[in-house]
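Next, two complexes with subunit A in common: one pairs it with subunit B, the other with subunit C.
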Partner chain A sequence: MAKKHTFYVMTIPAMVLFFLFQTYPTIQGIFYSFTNWKGYGDWEFVGLDNFLRFFRDDRTQHAYSFTFGYSILSTILVNVISLFVALGLNAKIKFQKTLRAIYFLPNILSVLIIGFIFGFIFSHVIPELGASLGIGLLEKNILGNPNLAWIGIVLVAVWQAVAFNTILYLAGLQTVPMELYEAARIDGASRWIEFWKITFPLIAPFFTINVVVAMREFLMAFDHIVALTNGGPGTSTETISLLIYRGAFQDGDFAYQSANAVLYLIAIVLISVLQIYFLQKREVEL
Partner chain B sequence: MNIKKTNWPITILLCIGALTIIFPLYLTFVIAVKTPVEMAQSIWAFPKVFHFENFIKAIEMTNFFNAFKNSAIVTIFSVVLTVLTNSMVAYAIARNMHLRFFKFLYYYFVSALFIPFPILMLPLVKQMSSWGLDNVVGLIFLYVVFGLAFNVFLYVGYIKSIPKELEEAAIMDGASTWKIFWKVIFPLLSPMNATIAILTCLKAWNDFLLPLIILVDKDDATLPLVQYVFQSEFSANYNLAFASYLMALLPMIIVYLFAQKWIIGGLTRGAVK
Partner chain C sequence: MFNNKKFLSILLAAVFAVLVLAGCNSEVGNASNDSANNEETDSSSNEGEVVELELFSTKTENPETYQRLVDKFEAENPNIKVEVVSQPDSLTVLKTRLTKNDLPDIIATGGNPTFGELGRAGVLKDFTDSPLVDDINEGFLYQVKDIVSYDEENVYGIPYAGNAVGVLYNKAKFKELGLEIPTTWDEFIEVADKIEAAGEVPFYHTWKDAWTITVPWNDLVINIAGDDFAQSKTEGEATFIDRYSEVADKMLTLRDYSHNDVFGKSYADGNQAFANGESVMYLQGNFAVPAIKEFNPDIELGMFTLPALNDADENMFVASVDVLFTMPKDAEHPEETMKFIEFMYEEENATQYMEEQFAISAMNNVTYIDPIMEPLKDKLAEGKIRQAPTHYYPAGFPAAQSIQEFLIDGDKDAFLKKMDKDWDAAVAN
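Showing the complex of A and B:
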């Protein structure tokens, strides 16, 4: 029975580290959400006060509606674009290897630095282009406009996320047997019908993964927001992660932001479960 | 097989699309080698002279080599430790899923996929500083731990597809479980080890949030953090800023140029699992 013993020993390093650096702080986070701790000094239990405050707090509610709106829009855009790119890259094209390499490139780059570069594009390059073309709409930095800044945020998020989602779709497309297309062509099916009746149903599992993965990433958005707008102008592009970070570390609202994080956890679990449930149901029906 | 002709409309569309990816990088390069005067004439024109002194100034300003060293240490150790510890625990789990303890451990780890980082962010910062881990060493621990959920998921799926006969033969020869893991299983895991090494490497090299909240000493700063810290000082001079961005992006781009096929293959393997 020495064999079994070794298996238990093998789990120890990962299990201990995981408990200390993942589970233990998570439990603390949940615990402090029921207190009034500022991150230092004394504290006492305040019951559900922090959670109730959420419903009176416009800034937090705005962060939720912004994060969800931004995530849903970006998820849709990323999936549509990367599906088209993957279909294109999978077709009989020239420079296939080079094009693939280029389309995957954004995936390996730091989101923060990409954010800084695009920040400059929005503040200098596009306005200059707008001025020289005489398009008044483009002459101002959209990141400086509370009503338009979200467009810049979505563009950069999509620019980067398309890379990884294209990898996934391309992997999916390569699992579709070529014979099916040949059969469809003999039956005189159009490209459009071919896509909806053959390609899309067969890559449906990849669609599910892509939607879930993309949405999760967007819901956690932090780096490129910091680089582009830092949540501004005002708090118009503040995401939940950024709000929790700023509220806790800059405003000393440790306990309240812990409660906010607990609600965020519940929201993410609910969304993920719902997505997987509905999308997988669709897969079976197809 | 009917040999189809090259689809030119799609090729052209994809080339135009690729410009949206190339342009920001082109822009980064040309701005990095211009002077403010040249930039005032035209932002995107290709420069007549390359002002490489921008790089030297940016290196001095940001203490580039120190940040590079920190990023490299964090990345290398995170990758090595992640591959070693995560594959080991995944092997134990994959071969003992019928036992309650291992099954519990599997779901315990994988459930972390659904836990958003902000919930543990605040207590974690306190914990790391009180344990003296608010430094590069602490960061390495955290990358090993935070990758665990997804890595165990990938490894366990992969190990289950490896036939047990190989191990049984080794047991017959009297090999211990340790020996079987190192001599038989670990080499067979190579494709998955590569996938997980790539994922961990990208995460550790490019991550911004963890260095931002964990690191205290300025000398510990990693490359992305340095770009953030020096943002305000750069605001006067975009050329230096872009020289600095380019140097921070370049190591990964170079690795990608050489190992591109391998990286994409690795990522695809992770995705298809």
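Showing the complex of A and C:
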């Protein structure tokens, strides 16, 4: 009996806190998305107005297309690069532990600090390099060019995200039994075949989780965009999270942005469920 | 001891208690406030008791100066204690407190839309007949009425300090190149041409940060688009297409007199570059001066108005009310509050504020102005100043971003059309 009490004491406070600070505000947000609340003061119900407005709002639509494009590209790049790095770090090489620590470093740095450091690199270091090498395209800050700013953003996002995904892949690679490789080598399989026939299928669960986690993370992009471009030039790198924050807290458009957040929540849940459904299908078990 | 069910029910009861409390925390908060207020009112009726006032400031740069003045005030008035409150996101806090009917005793804010809202809500004291208002610069006074309503006649806040935006210039370089302060647009462009001919950069634009674009934009708009634009536009009598065409052209002209990475440099980059002499002029406000001097304490700075028109006498510049003092209509301690406000407007104290904060005084009898801003003095005395017009733009109208896009692609017609469309959408929502 006493044991059970202990478990309740351990779990219920967490549930209460979760309900208070997550579930309750979520329900509140959904509620306000049907009103014209400004974030303070009086309000009235407006039905589906906020949701309909979404379809004639260019700025919001642009934010959606930018966020999705950016997320898909970054997810692919992060997974390819981090799997590559993880394979290297899993091999028997010198300084393996040191290298692992170094590759993990970006993950423990604050995004804002990374943003400001890269901001400096883009606005001073690269242009000076470009000027001295005579490369016209690099002479200007790419973050100031509406057609190129996304490259800088993807670069920084991928650079940081690779750290965490590499750790997950490393953990995955440890689960592959060495006997399989030995057997494959006796059969004369090349390294390439080994990877595609043994390693990749066996770490498929980690691939699934990495794709889902990375995609969700990129879809929520906010802080490094603020640090690098603040959504600019114009609104060319404005993500959905940034737009929701600005609209709701700076422009007093709370209800509309709540509706936007509700739609976005549905979109993210759908995407995650679909990803898990399709990726899990191809996972194999030993 | 407890059986399982009993234990669970106690826990659930506790959970509900927490939820219920959280659900009605606003009322609980109000109730405790009310009782606190009652105590205060009771105590203030007793002679010799200490009255506590809250000075709520929406500016984060000046609490130290306030504190020094408050210390002096408290020394003179041992019965009154003033607490300086300056917190992040203070305008939202102020709006929230308005809806809860819990306004601070003394409000120090700027000529911003939140002040306009408080004024329209009818909760602020009407200072129209206060003797303090007689000494206020008419340009600033016009702004605090105008921000409340287009044809407002009452004064709901007394302007205290202002900031100015215009053209900062490097005095040493002006002397070296033999240049004089321009007073018309043509002279201004001539100066820029001469600077370019001498191989220097006329302006250091920092248009990666969209807000810095609104600095010259505002100076051009108040002179070209007309005072009534926001009002007329909302009523459908004016459009960006017919009022802003010249503004857009002049912005493009200014864009081209700069370094080659205008949209790649930030405000911080600009302060440093201008401080190090990388440009001769810098389109910024007086608020940038402390940052510039940090990079180069020896720089000889001056500031003049951006001459948007060719009629030198007509030119106005943007000087917004940065600080105004006001108090609720139903103040709990009206006498003590007024006493503090009057204290702030005394010449000696106001001068101390202007010096420490590098601000422009809103009072005609406080004539101190930092030597850097000397050339602004005449226009200031004539009241040829206006509030930043972007303050009148509706919430949710992404002006700075749209202007930035336009300056990158240079398509004026598409830009003005987009501005009209975005404005209508922002007003409709």
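Rule of thumb we're sticking to: the second predicted complex is superposed on the first by the 271 of 286 C-alpha atoms of A that agree within 3 Å, B and C clash if a C-alpha of one lies under 4 Å from a C-alpha of the other, contacts with A are read in each partner's own complex, and residues count from 1 in each chain.
Here is the rule we use: a contact is a pair of C-beta atoms (placed from the backbone, for glycine too) under 8 Å apart; a residue touches a chain by one contact, two chains touch by 3 or more.
Model, not experiment: these values are computed from the prediction.
Looking at the shared chain after the overlay, A:41 reaches subunit C, while subunit B stays out of its contact range. In the overlay built on the shared chain, the residue A:8 is in contact with subunit B and with subunit C.
By the touch criterion defined above, A:145 reaches subunit C but does not reach subunit B.
Once the two complexes are laid over each other on the shared chain, residue contacts for A:212 go to neither subunit B nor subunit C.
By the touch criterion stated above, A:252 is placed in contact with subunit C alone, subunit B being left untouched. Looking at the shared chain after the overlay, A:28 reaches subunit B, while subunit C stays out of its contact range.
In the superposition on chain A, contact is made by A:234 with subunit C only, not with subunit B. Of the two partner chains, subunit C is the only one touched by A:127; subunit B is not. Partner contacting the larger number of subunit A residues, of subunit B and subunit C: B. The residues of subunit A shared by its contacts with subunit B and with subunit C are 4, 8, 24, 39, 124, 249. On the subunit C side of its complex with subunit A, the touching residues are 2-4, 7-8, 11, 15, 18-19, 22, 92, 95-96, 98-99, 207-210, 260-266, 269, 395-396, 398, 401-402, 404-405, 408, 425, 429. Contacts from subunit A toward subunit C in the complex involve residues 1, 4-5, 8, 12, 16, 19-20, 24, 39-41, 53, 57, 59, 119, 122-124, 127, 139-146, 229-236, 247, 249, 251-253, 256.
Considering their complex, residues 2, 4-8, 10-11, 13-15, 17-18, 20-22, 24-25, 27-28, 31, 43-44, 85-86, 88-89, 91-93, 95-96, 101-102, 105, 108-109, 112, 114-127, 141-142, 144-146, 148, 152, 171, 176-178, 181, 202, 205-206, 208-209, 213, 223-224, 227-228, 231, 238, 241-242, 245, 248-249, 252-253, 255-256, 260, 263-264, 267-268, 271-272 of subunit B touch subunit A. Contacts from subunit A toward subunit B in the complex involve residues 2-4, 6-8, 10-11, 13-15, 17-18, 21-22, 24-26, 28-30, 32, 39, 85, 88-89, 91-95, 99-114, 116-118, 120-121, 124-125, 128, 159, 164, 167-168, 170-171, 182, 206, 209, 219-220, 222-223, 226-227, 240-241, 244-245, 248-249, 254, 257-258, 260-262, 264-265, 268-269, 272.
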